[in-house]
Amino acid sequence: MKGNTELRVRKAFFKHKLGIIGMIILILLYLMILFADFLAPYNYQSTKRDFTFSEPTKIHWRKDGEFIGPHVYGMTKSRDPVTFAVKYVKDEEKIYPIRIFVRGDTYKFWGLWETDIHLFGIGLQDDAVLYLFGGDRFGRDLFSRVLIGGRVSLTAGLIGTLIAVVIGAVVGAFSGYYGGWIDVVIQRLIEILRSFPRIPLWLALAMLLPPTWPSTTVYLGIVIVLSFIGWMGVARVIRGMVLSLREKEYILAAQVIGQSNFKIITKHLIPNTVTYLVVVSTLSIPGMILGESSISFLGLGIKEPMTSWGLLLKQAQSLSDIQAHPWLMIPGLFIILAVLSFNFVGDALRDALDPYRTVDKV
Amino acid sequence: MASFIIRRILIIIPMMFIVSFICFFLTELQPGDFVSQYLENPRISPEQIELIKERLGLDQPPMTRYVMWLKQIITKGDFGYSFAFKRPVIDLIWERMGWTISIALSTILFQWIVAVPLGIFSALHPYRMWDYILTFVAFIGISIPNFFFALILMYLTNSSGGLFSSQFIGAPLTWAKFYDLLQHVWLPIAVIGLSGLAGLMRVMRGNMLDMLGAPFVNSLRARGLPEKQVRKHVIKNALNPMISIAGMELPNIFSGTVITAIVLNLPTMGPFFYTALLNHDQYLVMTFLMFIAFITQIGNLLADILLAVLDPRIRMS
Amino acid sequence: MKKLVCLFTLVLFAVSLMAVPAVVDELLTPEQPKLGGTLTLSVTSSPQSFNFYGTLDGVAYTIAGQFLNALVEMHPVTNALQPALAESWEVSADNKEVTFYLRDVKWSDGEPFTADDVIFTFENFLLNKFAEGNSIARFTINGEVVKFEKVDDKTLKAYLPAPYGPFFTVLSHASIYPSHILKDKIDENDPGSVNELWTTDTPLNEIVGTGPFVLDQYIVDQKVTLKRNEYYWKVDRWGNQLPYFDQLEYLVVKDAQVQSAKFRSGEIDYMTIEAVDYPVLKQMELDGGPFVVYRAQPTNPTPSPIHISFNFNAKNEELAELFSLKNFRAAMEFALDRERIIEEVFNTLAVLGGVPVLPANKAFYNPAIEDLRRPFDPEKAKALLDEMGLVDKNGDGWRNLESGKTLEFVLICSTYQAYQDTAYIFSESLKAIGVKCELQVIDGSLLAQKALSGDFEACLWAFGNQPDPQLRKAIWSPGYSLYYCHFDTMNPETKEPYADLRNMYDWEKQIHYAFEIGQTAMDPRERKVQYGIWQELYAEYVPFIYVCKGMDLMGVSKTLGNFHQTADGALAYAVYTMFRK
Amino acid sequence: MSIIQVEHLKSFFKTDEGIVKAVDDVSFELRENEILALVGESGCGKSVTAQTILGLLKSPPAMIEGSIKYHGQELVGLSNKAYHKLRGKEIGMIFQEPMSAFDPLYTVGDQAAEAVAVHSKLNKPEIRDKIIAMFNKVGIPEAENRYDEYPHQMSGGMLQRMLIALTLACDPKVLIADEPTTALDVTIQAQVLNLMRDLQNEFNTSIIFITHDLGVVAELSDRIHVMYAGKIVEKADVVELFDHPKHPYTKGLLASRLKREMKGQILPFIKGTVPRAFEFPEGCRFHPRCPHAMEICKQKDPDPVAFENGHVCSCWLYLKQNKTDGVESQ
């Protein structure tokens, strides 16, 4: 019977076309951040004076009509004498072929071993770059920065949700299982915390993070801040589910044979809510990704030299940037893409796992 | 029913106490205080900073200040004094209420007017092209960061935010002014509304699908009711659960749009709160948070009452 | 161009004239005006108050500046001091007594302005230590406060405890309040209650002034409107009473982007422009946009040029010792790539600036510093560090301290983008010479708190600046409260104003003395010499490494008259002389 | 004379797991003034048959073939609009769970009135009077007050009476009762059954009575059709069926009824369960559970065999003589 359910769920999920597309995009995105250093042609921090605000590099295939493989040309920076706008002039004499497994900036792959091999690139050149998404104001490669920034954005939501769901499940299960005054206290507390609006509470909490923390700790702090709100919704629903589950025969049986309450909760109650937890997790990750980007956008979150999509987008917040350097908005597209995909997957999962729709957005 | 409402109202009182406590310590834990911004001003000597601290009561231990604050609220209804504005915080919040509420309510109205029919439409034609298109558009709506969307819309429409052109700010209400307002106000409503719209639409669609499959619907059909009348029953049943969502959504629309309101230059409480937060204008921040929590409670209460009015099962239990 | 702020000239030529309105010079009125209309500007937040002395809010200052005047004022373009509410004055031979002859001016409600108003303002606001925005420090000379005395309704005497060079400069910041309006509103028993006067909920007809405009309407978080003051005391050279505009509006615009959008659409008449936005706006101008974009020599006093400082009293003693070495700081200056910062952060729209007196400030700028300034030279920086024994001992790419620890420190800076970017570039350059510099970006007020409590290692910051260095003595003179790179120079008991000379390096003592002498000297030449000494010592010993100063960039609607750039590059305009073409 | 004539009716559903043949080639007729019982375990397609007759299955996803004639009018493929005139007015239906047959947000009276108003030209007070009269007729105490109460305020038995009352208030010629007593207590069941019989006598309504309980229909109905897995396996009148059941399934159903004389014995039952609708077996669908299953049963579906007294049964046991023919004719 269980096998059948699984089959049905899988079938139902795969029927949801948008869900599949979302799933594929997410897998690609997470693979991307997993191998970010390798995929990124440059170190995300390395600045290049001669390529500030350089537009996305054009890749050429032919030289004088003859196919010579993908290559880029050398670029010279100049400034408009009146407007002081930066301009780049290409030098067709200087040809740099794009190769794979090319040597470039050194990095520590997964923090394990040092290497300088990148999937593709033109190597380190003085007068040419391969900036697929253009350069930022320090001449850093936006493509590489998007890849690395994704690490923060995509994992913050994931870990934040994980923490939220774990806390929510445990608190909810205890509340529902024990009932009585414990339940009353927890429910009131949740109700109180839920009556604070999300973004102001996030901001107020983000202000609590000591600004002197190193960026990695700030990152953890942000994750915890994000998870702070998510858990309450989970706890409420889990409580409801546990309330009905605890009347079930097998729980009564477990009690009769004298299993400890803790064991009953962790072994019998929580596992029975896993379906719901999975759906709820998928559906709350997008909110957290957006939350991280909002907090970073306001400058209360991730700070330089670390980076995240929200922080990258902060640099594209001016109208003149939209006009002069529209490529700076690319991180915004990545946020949309990731959030959209999570929503699709979550929706598909909800439809598949929960045909009776007990799961609503938390 | 009356006892239910009274009980609900009474619960709010102890809850607000806890809320006030949380608010206070949330602001207390933040590094720095209001006078830290004075430190770099060479016009102000360290001695004077001490003086200001004393005047504002910042030299007292936190617990004393909390008790004092609470006492003032209970005995005089005085929520304290804004350090920056030298005025009672409640006045300051009150000044900004008008627009905040108007925009929040119009946004909710907009969301419902758009989301409910689309959700119904989507549910009546499930898994068809239009359903997919609406779903897709709705999801894009949730997925765009508000501020980003606001910025792009501003750029595309050449708008400069705000609610009025400058010549109409403070001008007496005329048709021209109203027209000017309409020209401006659609932007924040669209931006803020779009993100919630998708969720509402999806919920409405889900509720509708649930209800369409409910046994009583078949029963109604079997009695020979025309499809139009059957749908009326279905929609009414599907709408009810949405009311509690509206109750929950109210506070977020009230204040959850801080960034959008900054980007769009709206005279609402969100940006005001953010500035106060950065300024460490403690009583202002606390009162604001409390106020929102209070609104939420009221929102939930109203939702519960409305739900009870509309649903006999709740009304009578 | 700029005439010196010459006190003696003023004393000699300040003749008590008949009660005629002041005529504004040609610099501000090159064009013949059209009258009427509305000038629309913007402010970045709602004013926290309309009380100049009750708040420390820049927006409140901007607005109060339109309806209040002081006894003397600075020329908006040349910064030269000129008579304002005081029509003329006499200084006694010992430089300790000044007699002011007040102008025949009416408050905006028609009441006459008298010496009582001045006395009232000083007593209750300026010299009231409970007023949050008081100016006691500026009117305190050697620990004693300046005293004012009424002679008759139109005459007033000031008694200075000692000769005080910047007296008229500080006086130009002392806006005079109407005593007939406020006298009854002050709670005698609570001198702090003055802060609660003229808050934003005060009926605007109770706020009267002598400035060109008076408050008319305040729409919370949206707009402050001022209307023309019928009784304003200035006229143009054709005899028109000023100001030309009937109305002055400040739109409240929190977000810089919205401000920019409003300017582009012509809703705002002029605004300062960020360097990064310059190219786009300039291009729009060239493409026939409705505005002109100016690029001018920096004269704006705020902020001062960005500086980087190292804490001589850092908690880490090894670093503290290092930071107090001149050669280390010199090495840091060699490692500072100013050219790159100007190019990348400021789009080339910045100048090197002074230390911190701006080159445009002819009255005090000492050009000798230009030769002392250490240009970007990583090799020299490396050599200096090598020489000090700060070499990479363990081969990890970072230099090591004597104790073997990595040479690393934390550089704090505020969230303001240009500062962050500057700090980032600096840390990158340091990386290249083997010095590890961690950036810590924190909120501005928190930065102030950390820096001013000595809780930092290195700091990138900019203070407000003033044309007269004396007004910034608290920051730049060793021994004062804001000389935050070396707090040991302060007397631990009294903190201020008594410096502890024992803990000062010789060069710090010299700077300290230069400021003390400059303060009581009345001869501008003498003052320039003293502050010149300070600038040279700063350039040589770099307690603060000055980076650069952004140019004054401004976008101005083409429809605005009497807004122009002078021959030597400064922008000339005043709210009361501009008009709509 | 037959009121409803069902011929070769098929109701198939397309689902994720394949095509569900819920009703597969079913033919029967409902005669005037009779109570026809459709009997079988749950999941045999009884309810689907009923809903198909009333056009309540949406097509798609339902695929409906065959013919349903009501007074000679073809119902398969009838437009929704035409169906509206039919439902309630001509053919009424009573559902299994009275609790969920009402919209919880309206009073029962309003819902009844709404249904009556669709089919009659009476004005509001008249409708109200008619419904209250009907409520009284089905034995609802204080009918006047009950009219303005909500479904959740009433017991299941009461609701079922109301459902019957409001269905009859529309004066239908045919009543389809889909397990009207299943959700009720035993005592209430008896009341409802008695009520239905009385009403049938009074209004001359023809009734299709769907149930899984042979005991219930024994006294109530005139004829019985036994359904299994989407097919009618046996048709007979009551006495004939109870006295001479032919199909092994019918026998099994009869055997598994509680009888007083069986005290102390183990209750016989049909082994196994009704297969899920998308995995009906090949051949005779009952063969996996049939004690008499033969090789032929696994391969081919039996055709109906007619006996005396209108008794019809589809089973290879009675087709033995034709067995070889059948295989050969394949």
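Going in written order, the chains are labelled A, B, C and D, and every chain counts its residues from 1.
Methods note: contacts are C-beta pairs under 8 Å (C-beta built on N, C-alpha and C of every residue); 3 or more make two chains touch, one makes a residue touch a chain.
Worth saying up front: this structure is predicted, and the values here are computed from it rather than measured.
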When I count C-beta pairs in contact, which pair ends up with more: A-B or B-D? A-B
As a test of understanding: of all chains, whose mean C-alpha position lies farthest from that of chain B? D
Based on Cα centres, what is the most central chain? B
So, what's the distance in Å between the C-alpha centres of chain B and chain A? 26
Cα centre of chain C to Cα centre of chain D, whole Å, reads 92
Separation of the C-alpha centres, chain B versus chain D, in whole Å, is 53
How many Å are there between the centre of chain A and the centre of chain C, using C-alpha atoms for each centre? 44
Spell out, as numbers or ranges, the residues of chain D touching 2 or more other chains. none
Chain B touches at least 2 other chains through residues 31, 151, 154, 263
Multi-partner residues in chain C (2 or more other chains touched) are 257, 261, 264, 443, 446
Per the touch rule above, chain B residues touching chain D in the complex are 214-216, 218-227, 229, 233, 236-237, 240, 310-313, 316
As the complex stands, chain D meets chain B at residues 51, 54, 56, 80, 84-89, 92-93, 95, 97, 100-107, 111, 114-115, 118-119, 150, 152-153, 163, 166-167, 170
Chain B - residues contacting chain A, complex: 15, 18-19, 22, 26-27, 29-31, 132, 135-136, 139-140, 142-148, 151-152, 154-155, 199, 202-203, 206, 209-210, 248, 251-252, 254-259, 263, 270, 273-274, 277, 285, 288-289, 292-294, 296-297, 300
Residues of chain B touching chain C in their complex? 31-32, 36-48, 51-52, 55, 84-87, 91, 95-96, 99, 151, 154, 158-167, 169-170, 262-265, 267-268, 271-272, 275, 278-280
Seen from chain C, its contact residues with chain B in the complex are 38, 40, 45-46, 48-49, 51, 54-57, 129-130, 132-138, 192, 195-196, 199-201, 217, 219-223, 225, 249, 251-255, 257-258, 261-262, 264-265, 267, 443-446, 448-449, 451-452, 461, 463-464, 471-475, 481-482, 495-496
